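Once you scroll down, you'll see the structures, which are given as structure tokens.
Both complexes shown next keep chain A, but they swap its partner, so chain B is in the first and chain C is in the second.
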Partner chain A sequence: MTLDRRTGWLLVMPAALVTVVFFVAPLVYFLRFSFERPSRTAFSEPVFTLENFARFFASPYHVGALTRTLLVALAATALALLLALPVAYLITKASARVKAVLIILTVFPLLVGNVVRSIGWVALLGYSGVVNTVLTAVGLLDAPVELLRTATTVTVAITSVVLPLMVLTLQASLESVDPNTERAALDLGARPLRVFRQIVLPQIVPGIAAGTSLVFVLCINAYATPRLVGGTQVPMLAPVVYDTISSDNNWPFGASMAALMLVVSLAVVLLYGRLLRRQFEGWRVAR
Partner chain B sequence: MVQLPRRQFLKLSGAAGATLGLAACGGAPPPNPGAAGGGGAGEVVVGTWGGDYQKFQQDFVEPVLARTDGAPTVVYDVADQVARMTKMRTQGQTGGPGTIDVTALSDQQAQEMAAASLLGKVDPARLSNFANIREDFRNDLWVPHIYSAGVIIYNTEHVTTPPDSYEVFWDPAYAGRIGIMSIQWATEYFMAAALEAGGDPGNNWDAGWQRMLARKGTVRVYESQEQLGQAMMSGEVWLAYNWKARAYQWRKAGAPLASAIPREGTFPVVFTVGVPANAPNPDGAYAYIDAMLDPEAQEQFAQNMGYWPTVTNVDPSPELTAEIGFTPEEEQNIHRVDLAYLAQNNERWRQQYVEQLINQ
Partner chain C sequence: MTIPRWLVVVGVLVFGFMLLPVALVVWMSVFNSEFLTFPPPGYSLRWFGELTRERGLFGGLRLSFVLALSTAALSTALGLLAAIGLSRARLRFRGLLENGFLLPLLIPAIVSGVAVYIYLYQLSWMLQVRLVPTLGALLLAHTMITLPWTFRLVHAGLAGLGTDVERASLDLGRGPWQTLWRVTLPLLRPSLVGAFIFAFIFSFAELEISLFLISPGQITLPVAMVQYAEFRVDPTLAAVSTVQILLVGTLLAVSNRFIRFGQVLSGGVKG
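And then the complex of A and B:
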């Protein structure tokens, strides 16, 4: 059964209305501050200016925060992809019962909030945390070392947050791969690794594109993990935006950073999607 | 499956639509029944920090409040002070009634909110305990609740010579063992400026900035009092500049810590309460604040939290006085600061501090 055009629009309307009223309108209302001047007594002084953007690009600290945010997001996305692929593949190949257990195990971390998981990292890697205590006790360290408050730790912690989402997206994509294509390749003498690389991987490119885009955007906007694991010493954009608005009461500058985050996220995702689609089409045509 | 009759479905969706519409238009909340009541009956919303502070409010303020005629029901709006200030600013912008009746802030933050006309003027006639407030803390912007002052807190096992000067925070021997907080830039600015000025820095805290920068890489940074406390108690850091009340709390937890007032002088911190200009139940707010000033509640806060009372009709024990109080000579060395000056420079200092000192 297919819906006619009018019914289709009618079905979409409620969701579209809710999105416009509760998401687009507040967002536009907030982003307009980015073109205004800060005020000590109100949200902003309503004059049109580009000063906030100029200030951002003139500040090494803020440009550094943007660069760090992008690098951490890229690294966390790549790491999540690398770790999620074998897990998703394993889930796909498992029997129905094992598959259910594996999916529950994958989803389980999502049931615990970001903040709780970040505090777990702090307990694990803190000065008197598990890792430092064990390494000092066995003599590998003379004294506890600083494991928190580094970009590497923040990257690993963010990866752990987004990993389940990547696994589930890839698993959904892998389920749609026809097992006969793999069997055929194996019958023709290809080794399993080559089958995965040349037969399975190209078929799940759309899944990889969806998973990595989703995860990348989540990483760019990460707040709780960089705040708790990295602290002020690993400044990333979302916490910097929050501090600018809440501590400094500087809504225009905060809004300009939020606008930049939005633009950068959209640009990266669109460019990446286009690039990957071209690669995918190239692969299909070549075969 | 339950079948919803068409008429009922339409009625329900109509109601849902109306609710959504009202929410989107920012429909005014129903009037608070307490607003009209002389004793503030109904509900009083107290914007406060969570944790111990809120617990002590429940344990020590509410019983006093309950003894007053027509005592309101207390509801706590728990958040850190930064979030509370943002909420007050946002609600102030709408021009309608707010949701907070009593707001707890530090004196510096209360000054900022008062400067933005977000706090109503204090009416002494509505507080039976107002006359007991220390004279030097009385003003019409906010009501002082608890008080302490900055001291050098040190680990007695590692810092064996009791420090009596801020110079200890610049001593290379303690590099990497000094804790500072990302949220408490004012204290660090004061120290450096006091050193530069040889005492009270007055209104030139910027004079210490180059000294501050010299500490880059020698300090460990924490995001909250709790994190710094944990670091002091575990021996991760040995020195910090913080309120004497914190030294008391951490020492009570068993840490080998002591505190000293530096010879260059220090400055006080007063945690305050105020009534937002758009408070829906100001009567309830005044009733609650009056209970906070009650000597019974004040003494309990001193004993349990380590902050000195802001009223004069409390007489803590000599032991407690030694732990959390200040001698007349020490009081002489606690300089009042110009809160308007702090509020004016707050944003610039925070950025400078975070961007150039903390950021590695």
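And then the complex of A and C:
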């Protein structure tokens, strides 16, 4: 320790102040605000009511957006896990040089951002896009079909967007698996797939838990992909929240929807992490 | 152990799935047709030149560039100060502070966007000062969501340095500030460069928070791109996307010498 306490506090203070004023306070205020009532004359009516939430669950459109969001997120997360596992395993087993290249290839699309990648998906699936052009050219389609604006294509596009994160999380987890356990299983005559299922997979349960919950939350809160690929035909929560606040000007209702998204996200992370950890303990004892 | 061939095939396919949209956008940016037709009638770089005429996108490009630079500077500075304070002084509530700085990572960006917008609007109402939409609010919000990264990177860098060199410098008669300036900061340069680049990239690609905080005349690039893409996807949009792709690629290549992106990112991130 090279600094006294007072200097330490002085150094920490700016960041702490910004965090409290610009993050903690807005979150607290916004949660309270989600129970208020829209007003024509003032910012809002400072009451405490459950009307917003009641209205949400009474509206088929909004409940539909919620279930659709959850289903798409669930499917995209499962698909991402399925696709990321072999790739992460491949990266772990690659030589140092190849590994560095593969990690950069994974990080790159992630850093390019979800907007650019969503635009790429629109170009791919659009009416005069690559897929339609190719399918018509080879005669599989008589005329281009509408591929955008369906829940399936939104799911596929979201999967591609969140995939790099899943790969990185699983790869980090796989790196910590002791290769001797695999070697031992192979020496004892197990086939590679069985080694992966019975030796490697149980050891990376925490990584799977981290990756899936992280990606699930991102899917629930995705904005650009559902907006561009899904449009108004596939309403999902994040775009609906934005429209409620900026077009309909109903701030309390929008806030209550965002609060709902926050609660769902946090609940998933906490509950799911707990469940998997219990499962993980069971696995450990059994082996 | 040898890698089975089918695993390599699957790997190539999945990488294609991740990289295809990015590659497609770069390809489209050099089409010479005004609309998307595959394959294009020919190639040209003219859409890059015509970008300046596309006011929404070009304005967005400029604003996002300046905003990302300022965000990176402010976020790195705040992260550095906080990291030094927390790693070099014995503070109470240390765990709480460390976790507090990482908080924005746990909250979905769309929720943070709504929260900051409503809060600042209410404050403006109360104080009778316009706080949203202003560039200051945009800058502080971007700083906020990049702070977890800059703080974490610099904090890890400081932990890696250890305190021995600093102690040696103090024992040799330098004061704490001289030690900080002449010993700690120069040794910390790789982490600082990494933190700066990281904050820049994340701010540049940030969509959800900016969505609520922009004003009609001043729109960040990702928001401008979404608005444009809802209307149509054409080579001009691809050209501005390619500018972003090239920028990120260059920064990634530069920073790859300083930090390990894979390691930093796999510990929890949001897109």
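Just so it is clear, the second predicted complex is superposed on the first by the 263 of 287 C-alpha atoms of A that agree within 3 Å, B and C clash if a C-alpha of one lies under 4 Å from a C-alpha of the other, contacts with A are read in each partner's own complex, and residues count from 1 in each chain.
Heads up, the rule we're going with is that contacts are C-beta pairs under 8 Å (C-beta built on N, C-alpha and C of every residue); 3 or more make two chains touch, one makes a residue touch a chain.
Please read all numbers here as calculations on a predicted model, not as lab measurements.
Annotation for the three-chain superposition on chain A: chain B and chain C clash. Shared-chain residue A:Y61: touches chain B; no touch with chain C. Of the two partner chains placed around the shared chain by superposition, chain B and chain C are both touched by A:I245.
In the superposition on chain A, A:P144 makes contact with chain B only, not with chain C.
In the superposed pair of complexes, A:S128 makes contact with chain B and with chain C alike. Looking at the shared chain after the overlay, A:L218 reaches chain C, while chain B stays out of its contact range. Greater residue coverage of chain A by touch, when chain B is weighed against chain C, goes to C. By the touch criterion defined above, A:G8 lies against chain C but remains apart from chain B after alignment on the C-alpha atoms of chain A. In the superposition on chain A, contact is made by A:Q233 with chain B only, not with chain C.
Of 2-10, 128-136, 326-334 or 344-352, the segment of chain B whose C-alpha atoms clash with chain C in the superposed model is 2-10.
Note: residues 22, 43, 128, 227-228, 231, 245-246 of chain A belong to the chain B contact set and to the chain C contact set alike, using the contact criterion stated above.
Remark: chain C residues 1, 3-4, 7-8, 10-11, 14-15, 17-25, 28, 35-38, 78-79, 81-82, 84-86, 88-91, 97, 100-101, 103-104, 106-112, 114-122, 125, 140-141, 143-144, 147, 151, 163, 166-167, 170, 176, 179, 201, 204-205, 207-208, 211-212, 222, 225-226, 229-230, 233, 237-238, 241, 244-245, 248-249, 252, 256, 261-263, 265-271 touch chain A in the complex. Remark: chain A residues 1-5, 7-12, 14-16, 18-19, 22-27, 29-30, 33, 43, 83-84, 86-87, 89-90, 93-94, 102-124, 126, 128-130, 133-134, 160-165, 167-169, 171-172, 182-183, 186, 192, 210, 214, 217-218, 220-221, 223-224, 227-228, 231, 238, 241-242, 245-246, 251, 254-255, 258-259, 261-262, 265-266, 269 touch chain C in the complex.
On the side of chain A, the complex with chain B involves touching residues 21-22, 40-43, 59, 61, 64, 127-128, 144, 146, 149, 227-228, 231-233, 235, 243, 245-250. Note for the complex: chain B touches chain A at residues 20, 24, 82-83, 85-86, 89, 93, 115-117, 182, 220-223, 230-231, 234, 236, 346-347, 350-351, 354-356, 358-360.
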